[in-house]
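Consider the two complexes below, in which chain A is the common component and chain B and chain C are the respective partners.
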Partner chain A sequence: MNALPAHRLMIVDDSNIMRRKIERSQEIPNVEIVGTAGNGREALELHASARPTLVTMDLTMPEMDGIECVEQLVGRDPDIRILVISALADKATAIEALEKGASGFLCKPFTERQLNEALVKLIES
Partner chain B sequence: MKRRRHDFDLSQLLPVVVATTFAAVLTLLLTLGIQRAAQLQSASGALQLASELRSLPQYFATELTLVQRGLESRTFVGEPIEDIATARDGFDKALVRIDRDLEAAGLGSSIEIQRIRGALDAAWQRFSPQLVAIGQHKGSPYADTLAGSRLNATGRALKADVDAALAQQDTVTRDVGGALKDLAAGLQDTVGDRGRSLRSFLVIGAAVAALLLALMLYFALRSRRAAADALRAERQVADILGTVREGLFLLDRNLALGAVHSASLTRILHTEIVSGGAFEDLLRPLVPAKTLATAMKFVNLLWKEKVHEDLIDTVNPLNQIEVRFARTGGGTESRHLSFAFRRVKGGGEKGEHLLGIVTDVTDRVQIAHELEQSKAENQAQLDLVMQLLQVPGAQLQAFVRDSDMALRKSNAILKQPGREESELRAKLNGVFREVHAIKGEAGGLALTSIAARIHQLEDSLVALRDRAHIDGNDFIPIVVRLDELMSYLGGVGQFADRLAEVQPKGDTLKSIVPPLLANQVLDAGEPPLDQLLAQVVRETAAAQSKRVTLSCRGLEEIPAPYRKAAKEILVHMARNAIVHGIEPPDARQAASKSDTAAVRISFEGGAGDGYVLTVEDDGQGLPYERILDTALRKGLVSPADAARMERPAIYGLIFRPGFSTAEQVTEHAGRGVGLDAVSHAVRELGGSIGIATADGKFTRFRMKLPATGDKVAATHVA
Partner chain C sequence: MSLQREIGTFVAAVLNYFDTAVQQAAVVGTPYLALGKPPEIFDYTGMIRISGKRKGVVYFTAPKGMLSVMLMRMQETDMSDANLRDLVGEVANTLSGNARKDFGRNFIISTPSVVAGSSTTIGYSPDSRPIVVPIDWRAYHANLVVCLN
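On to the complex of A and B.
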């Protein structure tokens, strides 16, 4: 008897490769990937149907960037936990995303282990 | 934190609770003791009265007897009767007082005492009325007659009462006395009881007081020990804060600094730490405004419950910052600091403080930097070796000889007398020309690592030259750098010599190309010769700040046996043409020539009488007078020969060993590099070199090579 996965993960990144990398790397047993989105707008649409509890969020994306998406997601669900995954060009931007309600930051490029550790901490927080 | 504060209060409260309880018990005991003492006093009073009353029945008997005898002898009996009344009244009053005392002594309800008291009362009430009656007789008891006095009616009644009372006297004495005796005995017991009870209370009270004292002492000791523990803990905290190498501090919600911080903080931040001061103010002098703003935002993130502190380390803008501190002796000092922040978990869910940790990571950063530098140096050495392998050994040796000579000459220039500003500047220019020349050559040989080294020296020369004022001391660093460069080139020279040693001796071609390189030349991957030459020309021209176009013709026709040697000869000649033949752009403009010089290289022939390799430039031509001067100075020709020499012979001098390495060919920044080596190579191939030149117009070298296999005697052609 397997319990239902406790956490529902949505992956938001405009890069196909990165989305697939996160999908493949994620190996925490009680986390289920409920969908992937290529930009902020898609993420908001997907959120309405998939109801994720965890999100990995790229910052620079077309149509709607990560910062705005974080703000809107947190507006809809204050308990949602968002891990910003981005290359660390500008610390100020990353800090802005955290101010808007993201819970943590993971720097690209990352190893599978770093991703999983970050997700565990995200669930703990 | 809350729970702990509660614990603390309870332990503080315990002595108070215990003391209060003990005091209450003690008060109760003392109250009871006082009560018992009062009862004891009352009982004693009653006992005293009872004892006093015991003599009264006897007194009444005596007085009654006095009355009786008085009546018989017809004497005055008023006085004893008065005494009886007083005593009787006293007895009544005493009884009232005894009752009051008994009540006060708590014996009002004692059955035994009340029984005795009742018996006393009954006995007294039987006797007392008789005494009252005796006192009630008024008037004289006697009637005087002639026969004498005799009792009258009153007297007879009185006598009857007295006789009656005396008749009862024994019973009264027995009953009243007995009751009083019993009462006294009962009271005696009561006094003993009360006394014992009082003693007990006092003993218990004393014990309680002693216990209280002991407890108070215990609590006092405990609190002293606690205070000592607290003091020790405080000292230990102070020791830790004084010893720890990191700068530790606390921040509250307003990002104000806490009351304590580690001693290192002051040292690391080079400033006094004001408790309660704003963290922002502490940081302001250290970082740019933008970083400061980002840093404050970052620190405030740690108050956000949603943010996981482990997941934001990478965005910490204070992770590694370079700061500058004023040095005590003037100037500034650069340090690398790293700030980290941790939530301090208290009893509550959210931390009440942030722990700030500052580390001086300068050493770490420096080590990383040095590691990078040494890596770069290793890479540079490897690059150098690779570059050296690309250069023919003889050319390399020639270059090293030339450089060594140039540097020695630079040294000699510096050692010349002259401390005037103008003389110093002349020296500087002289050294600069030498150094610039060998840099150009290194560049021409594609020895970029060496060129870069020389460039550093050149930079310091330029810096010195651009100064408004110079004196002799300014040359000291130049001398040091010259030395360094010389030993560096010495190393290169050793390498070049070793490279030359590994050449096989029996090589028929006696190529100036070392075997290692020769093998490379034969590699299939070798670029076509014209491309190689284009590169050499490009590099040399760039190094010399000259503009040159190269045109090549027929080089692909060079027969295989000549290719290796031709390559080396042409590379050499092309470079020489640019370094020595071609003027700088401004000189060319002054001579109404195009800025961009032309170098033409061609290979022709194959029609029986061999081949012709031509290298031509449209430069300044060969300055024959200068060549002759140089040859004279070097002793290559005697003055007598020199006077007879025609131009072609003079030009031929540049091929003489020791010419090119001995002196500068021209005034121009550049040096001849081993034309003797070229000449040698051509002769080895059985060829000859011819020169054609026109002042200010061109220089053309024509190298005649025999048809493959043939060997023609070397001749110099005019």
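On to the complex of A and C.
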């Protein structure tokens, strides 16, 4: 029987392009992508079934934004590691996300290398 | 903050998008005031509205062909209308992000919105003077328009 993957990644972004870019760019061998969601509400539903251990989270999304979703995910699973990926690059936004329980912050736009480095940091944190 | 620096913030956002996401640099042309007639609108336009200390609109407008090739450079195979809207929205998203970072809380910046169609009219205050910054990439031409009173 195969061992369970070390990490299960959920991608949350309202942009289809961004979701696919993260899917394509993620190159860490022990990370399995378990699903994608287009907003915070979908992410909470997916979390219940996919049980991710890692999340990439956009902030500006319809229905439920990323900050609220981070807070709810951390409330459900305090060990979950969330990388916020957003174009909102001001310090106040980053601090707010970290205060709600996010573990890291990556500014859009980003390169494949920047994404993978940020995910490795998240795993090692 | 001077108007020149404000425009620089938006230009830097667009250039950074080409450098980082598209991985091929764009070139900025000579900015000009759009006096007499409104700036040219291309097939897809991503915009943010600004209020607070300054009021107005900033938008990136580009032809379908340019956006399609940008998507190809980003290894995207789906050139649908939804993805073209998505792309121009992401560029507007970076305009918003840079503005929030550089301008702080004196500016209130809307969530980016997208419109399609070259016959679209972008509404702005009659006392504002749109500044058009040409953005050239490969054989394509787009405009960044900064219209703040």
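Descriptive notes on the structure:
Criterion: the second predicted complex is superposed on the first by the 119 of 125 C-alpha atoms of A that agree within 3 Å, B and C clash if a C-alpha of one lies under 4 Å from a C-alpha of the other, contacts with A are read in each partner's own complex, and residues count from 1 in each chain.
One rule holds for everything that comes next: contacts are C-beta pairs under 8 Å (C-beta built on N, C-alpha and C of every residue); 3 or more make two chains touch, one makes a residue touch a chain.
Since this is a predicted model, take the numbers as computed values, not measurements.
Look at A:Arg81: by the touch rule set out above, it reaches chain B but stays clear of chain C.
In the superposition on chain A, contact of A:Gly101 is made with chain B only, not with chain C. Once the two complexes are laid over each other on the shared chain, residue contacts for A:Ala48 go to neither chain B nor chain C. Legend: residue contacts after superposition of the two complexes on their common chain; A:Pro109 is shown touching chain C, with no touch to chain B. Applying the stated touch rule to the two superposed structures, the overlap between the chain B and chain C interfaces on chain A comprises residues 88, 107.
Residues 81, 83, 88, 91-92, 94-96, 98-99, 101-107, 118, 121-122, 124-125 of chain A touch chain B in their complex. Per the touch definition, chain B reaches chain A in the complex via residues 290, 294, 297-298, 300-301, 304, 306-308, 310-312, 314-317. Residues 16-17, 20-21, 23, 71, 74-76, 78, 82-83, 86-87, 89-90, 93-94, 96-98, 100-101, 104, 111-112 of chain C are the ones that touch chain A when the two sit in their complex. Partner chain C is touched in their complex by these residues of chain A: 15-18, 20-21, 24, 60, 86-90, 93, 107-111.
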